[in-house]
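Below you'll find the structure I mean.
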Amino acid sequence: MRFQPRFDGYVERVHQALRDQPFISSVLGAHATLVEAGHVVIEMPLRADLLQPQGQVHGTVATALADSAAGYAAETLVAIDQHIVTVEYKVNFLAPGVGERLRASGRVLRAGRTLSVCEADVYAEGEGEGRHILHMVTTMMAVGA
Amino acid sequence: MRFQPRFDGYVERVHQALRDQPFISSVLGAHATLVEAGHVVIEMPLRADLLQPQGQVHGTVATALADSAAGYAAETLVAIDQHIVTVEYKVNFLAPGVGERLRASGRVLRAGRTLSVCEADVYAEGEGEGRHILHMVTTMMAVGA
Amino acid sequence: MRFQPRFDGYVERVHQALRDQPFISSVLGAHATLVEAGHVVIEMPLRADLLQPQGQVHGTVATALADSAAGYAAETLVAIDQHIVTVEYKVNFLAPGVGERLRASGRVLRAGRTLSVCEADVYAEGEGEGRHILHMVTTMMAVGA
Amino acid sequence: MRFQPRFDGYVERVHQALRDQPFISSVLGAHATLVEAGHVVIEMPLRADLLQPQGQVHGTVATALADSAAGYAAETLVAIDQHIVTVEYKVNFLAPGVGERLRASGRVLRAGRTLSVCEADVYAEGEGEGRHILHMVTTMMAVGA
């Protein structure tokens, strides 16, 4: 699906918004590696204090990355005086997250005037092929200035 | 509903398991304040680096607390050589999380041999009454030793 | 939680709306047995053509009843020129639905200006105690006249 | 993703299982139009008694079709002495379902030994292009003979 952003500067706004979220940018250490209309990719390195005792990433860390990718994908499509809040999400865990970094890809499935439906997928990457570890579907709401 | 734990020491096992999760115990700073059969309460202080720019807690932090409360509630009911993994969860955000600390209460709704269904609710607390900010329903799976 | 309806006649409106839904009232044969502010109960008899080959009710029949109970619970709280549409729901199946009839109880958890979060539970009833077979959480939206 | 069925006759088994579900085959009038490993398509005509007063299909009818497509997609991959039960699903409604018929496409995202994660999408079709009206993600469980 092709989406039409409503103002110039929507790419830089996502990068800035991510930097302004200390939980995502500082605590988790994530940053956006792709921002386009309706699609955002966010990556982060895996650190020891984000892992479970068995060695895989804590599932809620991957959830945080997925929520950000999906929410900012929706935020590329709202008006300049709006931003996005998460209404609800549902997450399925597909495989243990083992590797050097996580990559989350968020896409808008349906962009409405008020509500958007997005999907996000998280991959654990290292040497070799990435592994699909999480699938999220979420409802996002545009809220006014 | 009354649940019957399958071994002595299930309370201490939950406290120890939480301490062994660095993301929950160290990064988020959470600890269990109540552990009983099928019911666990986890609390954490709110720090500046867990807040969004508008001042409320990042929703995925509250999700992490809810997942832990629900998962350990299920873990009070498994056999001594089993532990719990999260299969899936769904989260609705009910209100902005503003206050001094979060409290998550997780309860088992249905305890099956393999799968359990749990609920968790998160409250933002400070002065005055707590506010209900998040509701989760989750499927948990007991995995063998 | 106490809710305040916005117009007289909200009880009769729910009964009428249910009668105007042929899939719920005629195909499934359901009707409301309790309508109050933020809470609706709907019941239906179980017929052979709604059962699976193993004898339990098809899960999507119970889902339909839960969605109606939750949606009409939300509809008791909107303005007279609004009605409710289902944005999304999530359903956990807790037990096989065996018995003579289903009863769904829907309640509003949070009533917002645009979005409401509701829960619904479905019970299979016959001789003896009812059995809790389904739990739903759903987001409902009020849409204008 | 490529999947490997575990026995010959998995295609005919799905067709037969659908015919043996009176709610799906008789009440809703649906049948499978494609069955392959990990992927099932089910279609049904839209009748007046399945519509809401505004003319679109009742959302729970589309849910029933999606659940069947996803569940039978999973059932193409289990052993001959197993069948699939729905553990949970989550559904987002994307657009009103108006047209002559519904088509649901279900796919397995991850096939585990016990649990499978599937997606299903429902389209309302008539003259012109189909419209994507529903997206489901679901957890299915293989249960023994």
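Order as written gives the chain letters A, B, C and D; numbering starts at 1 within each chain.
Heads up, the rule we're going with is that contacts are C-beta pairs under 8 Å (C-beta built on N, C-alpha and C of every residue); 3 or more make two chains touch, one makes a residue touch a chain.
What you see is a predicted model, and the numbers here were worked out from it, not measured in a lab.
The chain with its Cα centre farthest from the Cα centre of chain B is D.
Counting C-beta pairs in contact across B-D and across C-D gives the higher total for C-D. A straight line joining the Cα centres of chain C and chain D is 23 Å long.
Chain B and chain C, compared by their mean Cα positions, are separated by 29 Å. One finds 33 Å separating the Cα centroids of chain B and chain D. In chain B, 87-88, 90, 92, 117, 139 are the positions where the chain touches two or more neighbouring chains simultaneously.
Across the complex, chain B meets chain D through its residues 87-88, 90, 114-115, 117, 139, 141. Those residues of chain B lying in contact with chain C across their complex are 90, 92, 94-95, 109-110, 117, 132, 135, 137, 139.
Chain contact summary for the complex, chain D toward chain C: residues 20-24, 26-27, 48-53, 58-61, 63-64, 67, 85-93.
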